[in-house]
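The next part holds the structures, each set out as structure tokens.
Next, two complexes with chain A in common: one pairs it with chain B, the other with chain C.
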Partner chain A sequence: MTAILSPLPGTFYQKPSPEDPPYKAEGDAVAVDDVIGLIEVMKTFIEVKAEAAGTFAGYKVENESPVNAGDTLAELS
Partner chain B sequence: MAIERLFIANRGEIAVRIVRAAKSLGIHTIQAHSEADVEMLSVKLADEAVCIGPAPSKDSYLNIQAILDAAKATGADAIHPGYGFLSENAGFARAVEEAGLIFVGPSADTIERMGDKVAARQAALAAGVPVVPGSDGRVDGVEATLAVAEQVGFPVMIKAAAGGGGRGIRIANTAGELAALAPQAKAEAEAAFGDGSLYVERAIVAPRHIEVQILGDGDRAVHCFERECSLQRRRQKVWEEAGADCLDAPTRDALCASAVALAEAVGYRGAGTLEYLYDESTKEFFFIEMNTRIQVEHPVTEMLTGIDLVAEMIRVCGGAPLSMTQEQILRSGHAIEVRICAEDPFNNFMPWPGRIKTLVEPTGPGVRFDHFLSEGYQIPPFYDSLVGKVIVHAETRDAAIDKLTTALTEMVIDGTKHTGPLHLALAADPEVRAGRFHTQWLEPWLDAGALSAKGDAA
Partner chain C sequence: MTLEIVKPGLATSIQDLGRPGYFHLGIPEGGAMDRLALRAANLLVGNDEDAAGLEAVFLGPEIKFGAEMTVAVTGGEMPILLDGEPRDNWTSFNVMPGQTLSFGYLKAGARIYIAVSGGIATEPHLGSRSTYAIGALGGFDGRALAAGDVVPVGAAPLAEEGLSIPEALRRGPGKPAELRVLPGLYWHRLTEKSQAAFFDDAWTVAPEADRMGYRFRGGQPMEFVDREQPFGAGSDPSNIVDGCYSYGSIQVPGGLEPIVLHRDAVSGGGYFTLGAVISADMDLIGQLQPNAPVKFVRVDMEQALAARAERKQIIEQLRESLNQPG
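Take a look at the complex of A and B:
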């Protein structure tokens, strides 16, 4: 398992917008630099990118939930 | 009826400012906070605090029902909205009034009127306040466009009347240029919107942003002179001064008098700001909008005049008449404020809300630091990045810039990124020192790499 960590404190979003599906679903292939979510910090949205390749194993935090820097957002297997 | 129990529906440094002003008037303070703001400085300073909801603003500081419920539950008789959030929301002001509480600001009707661009422009014209000259509606045909342009004066800006935003804007410096550009603009407007009508307005090239602070009691209004706020990034002010040294005395008098005329014409109550564009080449000023609330940069005016604007707005909204006449308001010296934001100035101003490890506040005569930080405090990531303001006052603008440099050098905020280095670099810049800037100045300065990675002026 490889964890994808939050680079900043803020609010985590699994989707690009409320109407869209999540960036990744379980079993999806993930390449380096693929966007897996957004962090909203102080009214700015920052993309969270995978630093390693793998297979998406799922989100570890709910959509629109507060996160701290270093929290595990998702895992790759 | 004077206010006795004030509910503060805001956060951050302005909440601290409001709590202190209310306490100086002997008013009991009730601080509202979200679940993420339990550790906030104003929560500790206020007489009591009440949680109004979860971290997201929409569930707390923007939740009108939660705020009204908490205000009633705590026996508040007035609500101060601060700036941002619900401060210019006429619906909120009306709900507060209907709940039988005092809204510390103008009436809901005034907020509504001045918040509407067209209505505000009409109110300004009716009060004899200059606005940006324009066609006041659609213009059809090249001939008519030329005629209107002659009236408003060159250079002019033309755009499709049917188009929104900045799309298709053209600037013509002479009648000859306009004669060439207008047919193109008309054809494009027809192609894009099926409507070839144009809108014509005077183009004010590289204007300054100058604003006038006013206070009103619903009947009478006074001004507390002007502020120069041209140093902006993405339309956000970063550095503000009082007064505007670019104005000569007759222009300053006319500008400030126009603000009082408009404030009195709308029966303004509380503290407010009229914003203008200023064309230095012609010494013309044009009203653009009114902010019907206290502003971030109000301290420079307080330093210039010695007036406590926040206390005065609380007093007049409690029903008291203005405590001063225009003749009693005097200006002395020069004041500068810089905004300290939890952003990385060396990485495109990326928000960077850290935990404060070390805090050394700038001090000394004529130095003020409005903030809500303390050692060990984690800046919440859910709200605006403004964490403090360094304000200096000195005899002259030159001395104020020197004092600002000293204050920023003395200040230590470790544990978070912040915009202090930007302001040190600006204070060291010869153009800033000479006061030669306008609203379009700062972004090219940043793009040119004037802020070096070391944090000193390049």
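Take a look at the complex of A and C:
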């Protein structure tokens, strides 16, 4: 398991917009630099990118929940 | 002498102690959100306390040094790495040309201050190097730093390595952070129930909080004393005829979410302000993360002035702690 960590504190979004599906679903292939979510802070949305390749094993944080820097957002297997 | 921004972080900007004297023209004082931390960082590297350094929020930058210099990082807690090797915060260390400074995840606080011996040496505007990004004024082309920026650094001798600020003088917010508030000009607009609730309720920092203002949520909606809105005021009871805002003042648009105006604040407008966070506690706000718990604590003018005097003493103790030999 490889964890994808939040680079900074804010609000985590699994989807690019409320109408869209989450960036990744379990079993999806993930390449380095693939976007897996967004962090909102200071009226800015920052893309969270995978730093390793693998298979998406699921989000570890609910959509729209507050996160701290270093929190595990998702896992790759 | 220069340093190069390899990765900028989220919103890393050049800040000094600001440009007082232009707020009546709509230009905010600006400067470091945590002034005490910037002063400490400057003292550690042998600079004047008002020299310009870098302020990074939530996410540290990656910086490559173009010359030998002394560096200190203060403020929030973020692991410091020089070419991958850990360094202590609130402590001076030397760097060689070509070495790279980077940071781990933020552990506590919100903003770090990076001072280099000689100080950041961009051109001052209206007497300050502080970046006022919304007004495209000061700093590096009036904006936050970007990858590839080469930032000028003043010439200065290296400072002593291993100088450190005593832990007792590293001031940060508690949990909850207690922010002392002096009720102000429009306090009478709130009902007694809402006046009490403002100080009783548990608030948290909203994710929108930035250099202009810190927004808080979680408390009860405020109720206003009935009145016929005066000519020129908007129809919402939280509106007033346009007036001046003070730095630190607390406006509550719609009576819902209090906003404390901070260093890059607007200077006036049409919202009532219930009071102001006292000057001694403004630095603490600069170290609050989104969702951090906050309590507002009522003080009177006498207590506010005593707190200001106490804060001055901390600055004096900082200076003394670094002047002692050995």
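Simple rule for what comes next: the second predicted complex is superposed on the first by the 77 of 77 C-alpha atoms of A that agree within 3 Å, B and C clash if a C-alpha of one lies under 4 Å from a C-alpha of the other, contacts with A are read in each partner's own complex, and residues count from 1 in each chain.
The rule is simple: a contact is a pair of C-beta atoms (placed from the backbone, for glycine too) under 8 Å apart; a residue touches a chain by one contact, two chains touch by 3 or more.
Quantities reported herein were computed from a predicted structural model and do not represent experimental measurements.
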- Determine, for the superposed arrangement built on chain A, whether chain B and chain C clash or fit. clash
- Task: Quick one: classify A:70 as touching chain B (first), chain C (second), both or neither.
- Result: second
- Spot which of chain B and chain C makes contact with more residues of chain A, would you? C
- Who does A:61 touch here: chain B (first), chain C (second), both, or neither? neither
- Based on the superposed arrangement, let me know which partner A:3 touches: chain B (first), chain C (second), both, or neither? neither
- Return first, second, both or neither, reflecting whether A:11 touches chain B, chain C, both chains, or no partner chain. both
- Taking 163-171, 199-207 or 379-387 from chain B, which overlaps chain C after aligning chain A? 379-387
- In the superposed view, which residues of chain A touch chain B and also chain C? 8-11, 40-44, 46, 66
- Which residues of chain A touch chain B in the complex? 8-11, 40-44, 46, 64, 66
- Item | chain A - residues contacting chain C, complex | 5-11, 40-44, 46, 66, 68-70
- Message: Using the touch definition from the top, list the residues of chain B that touch chain A in their complex.
- Response: 36, 55-56, 342-343, 350-353, 378, 381-385
- Interface residues, chain C side, partner chain A - complex: 10-11, 57-59, 105-107, 110, 207-210, 289-291
